[in-house]
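Input: structures, listed below.
Shared between the two complexes below is chain A, which has chain B as its partner in the first and chain C in the second.
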Partner chain A sequence: MPFKRYVEIGRVALVNYGKEYGRLVVIVDVIDQNRALVDAPDMVRGQMNFKRLSLTDIKIDIPRVPKKKTLIDAMEAADVKNKWENSSWGRKLIVQKRRASLNDFDRFKVMLAKIKRGGAIRQELAKLKKQSA
Partner chain B sequence: MAPKKVRTASRNPCLIPGIGKFSRSKMYHKRGIWAIKAKHGGSFPKHDPKPAPAATAAVKPTKFYPADDVKMPIPNRRKPKPTKLRASITPGTVLILLAGRFMGKRVVFLKQLPSGLLLVTGPFKVNGVPLRRVNQAYVIATSTKVDISGVNTDKFDDKYFTKEKKKKTIKGEGEFFENEKEETKALPQDKKDDQKYVDTPLIKAIEAVQDLKAYLGARFSLRSGMKPHELVF
Partner chain C sequence: MVAFRFHQYQVVGRGLPSAIDEHPKIYRMKLWATNEVRAKSKFWYFLRKLKKVKKSNGQVLAINEIFERNPTKIKNYGIWLRYQSRTGYHNMYKEFRDTTLNGAVEQMYNEMASRHRVRSHCIQIIKTATIPSKLCKRESTKQFHDSKIKFPLVFKKVRPPTRKLKTTFKASRPNLFM
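Here is the complex of A and B:
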């Protein structure tokens, strides 16, 4: 199987380990075989080991090591935020965050909603079974 | 004129602890004692000496002195204060009881009593928990709050909850079993009235929020996959 997502300048990656866990960053330069120079609009540009990054499908068009302003403009032009939030990976992360932040009362309401939904589904199923019988 | 601020620091800066910058005569001048004396006609104003207390009746020397010196215990001046209430527990918070007969029940917090224990109620009609005292350590505070403004809890304190003293009767062997049957007493009517008095405005506030009544009626339990240290309450 050939690789589809390559480490290149402009590749958007998700940090999966360390202090910046969960942040979306852009690879702006490659330092050596193991490390990349990485930047994000609200972060000081710094080095990161590739092992700490998970590459995404999103790529933006930037020169090598752009100024912060250029980076931000390129990210706006490529609409990285919306692309990420609409991708299935991005949506899953948002749902995980929401579920983790539910308080006890919210979890109770979710339980009631699940029971109600299950009941509605079973009713429809019973109706369809009766029709086909 | 703006109100004058009272001077708090000494006029004599400390060079080294114990040694000030200015001498006694300089300090006399700086404090303005000369000006105060001049204002009061040459001498520093002072209070009239207190009249000497009337001579107390002569105490007769005691005939008996103990052989050894007896140590006087130091008087205990501690005044116990109620336990510090966790910041997450405010009147109206829904608490989860963790131990005892009502473990797992979700309950409404009313106020902290002077002993430090928390006064809590089900409400009784919703989940069977009466007005009760509960220790803060056996409780999880959730972030759900109920509007408690309609409830007056002033008359409840620790004395309200103490057990009534049983009168001791000398029992014969035959009467032993009969007395055992009398142990269970019905709840006095005024306690039932107090429960209703506290609960009616609470239940109104609870029914105003969607699903809150069912929530308070259900018990809390850990399911598979729930990690208490990761749960947000």
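Here is the complex of A and C:
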């Protein structure tokens, strides 16, 4: 199986460890075998170990080590935010975050909704069983 | 950035003024030490070897920490050092790619310890310089001088995001590809 996600200038990655956990960053330059210079619109450009990054499918077109403004314009042009939020990985993360932030009343509402959904499924199933029997 | 173990200091000192010499020559040194106290001590160690002056008949005029001017720019650092091995003293030239000089010096100390079993107190830094990409000598730094650099991450170990969520046993075999 060939590789599909490469470490390259402009690759968007997700931070999966440490203080910046959960942030989407762009690889702006490669320092050496283990570290990359990484930038995002709302953080100071800094170095990060590849072990802390999960590469995504999204890649934007930037020159090596662009100015902040160029980076932000390129991210807007490539529409990174929407692409990420519509991807299955991004959607899963949003759902996880929502579930983690529920309060007790919300969890009660979820319980009622699940019971209702289960009831509807079982009704349909009973109908189909009757038809085939 | 994580705290550096080695800080760069500029120490300025001279011999004490005396009857024979009203205005002794002032000497300045840039050196690496873990703290200011050690920096002053190192300053006298080196100055004693170069001039006829000791801490007892000298004074430190200033000691300032030097910080990185441009910590977001990647640079190639060349470090000339003198180290003591089990059989004698040797000179060495090493190259490192890093964003800050303190980071490169820390890399150097770690590499000397791992590759040559040389502890930090047996290493003397002679000179450091930022090297433009054309003049780099080592292949391992030159291979990153590519504006269209591209490589896959071959071994992807999935880590729990905090050490609290670490477990000794896992239910299923982890997928290390990508």
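The rule is short, and it goes like this: the second predicted complex is superposed on the first by the 133 of 133 C-alpha atoms of A that agree within 3 Å, B and C clash if a C-alpha of one lies under 4 Å from a C-alpha of the other, contacts with A are read in each partner's own complex, and residues count from 1 in each chain.
By our rule, a residue touches a chain if its C-beta (ideal position, glycine included) is under 8 Å from a C-beta of that chain, and two chains touch if they have at least 3 such contacts.
Nothing here was measured: the structure is a model prediction, and the numbers come from that model.
Trainee: Could you check whether chain B and chain C clash or fit when both are placed on chain A?
Mentor: Fit: chain B and chain C sit side by side once superposed on chain A.
Trainee: Taking the superposition as given, does A:L112 touch the first partner, chain B, the second, chain C, both, or neither?
Mentor: A:L112: touches chain B, not chain C.
Trainee: Could you say whether A:I9 touches chain B, chain C, both of them, or neither, answering first, second, both or neither?
Mentor: second
Trainee: Applying the touch criterion given at the start, work out whether A:A100 contacts chain B, chain C, both or neither, answering first, second, both or neither.
Mentor: So A:A100 only meets chain B here.
Trainee: More residues of chain A in touch with chain C or with chain B?
Mentor: Touching more residues of chain A than the other partner does is C.
Trainee: Taking CA centres after the superposition, what's the angle at chain A between the directions to chain B and chain C, given in steps of 10 degrees?
Mentor: Apex at chain A; the opening toward chain B and chain C is 90 degrees.
Trainee: Which partner does A:G46 contact after superposing on A: first (chain B), second (chain C), both, neither?
Mentor: The answer is second: A:G46 touches chain C but not chain B.
Trainee: Going by the contact rule set out at the top, does A:W89 touch chain B (first), chain C (second), both, or neither?
Mentor: Neither partner.
Trainee: Please work out how little space separates the C-alpha atoms of chain B and chain C at their nearest point after superposition, in whole Å.
Mentor: After superposing on chain A, chain B and chain C come no closer than 12 Å at C-alpha.
Trainee: Give every residue of chain B touching chain A within the complex, in rising order.
Mentor: It comes out as residues 94, 96, 106, 142-144, 211-212, 214-215, 218, 220, 230-233.
Trainee: Tell me, which parts of chain C touch chain A in their complex?
Mentor: It is residues 1, 72-74, 97-99, 141, 144, 147-154, 156-157, 159, 161, 177-178 of chain C that touch chain A.
Trainee: Write out the stretch or stretches of chain A touching chain C in their complex.
Mentor: Per the stated touch rule, the residues are 1, 3-9, 16-17, 21, 29-32, 37, 44-47, 50-51, 54-55, 64-65.
Trainee: Can you name the residues of chain A that touch chain B in the complex?
Mentor: The touching residues are 100-105, 108-109, 112.
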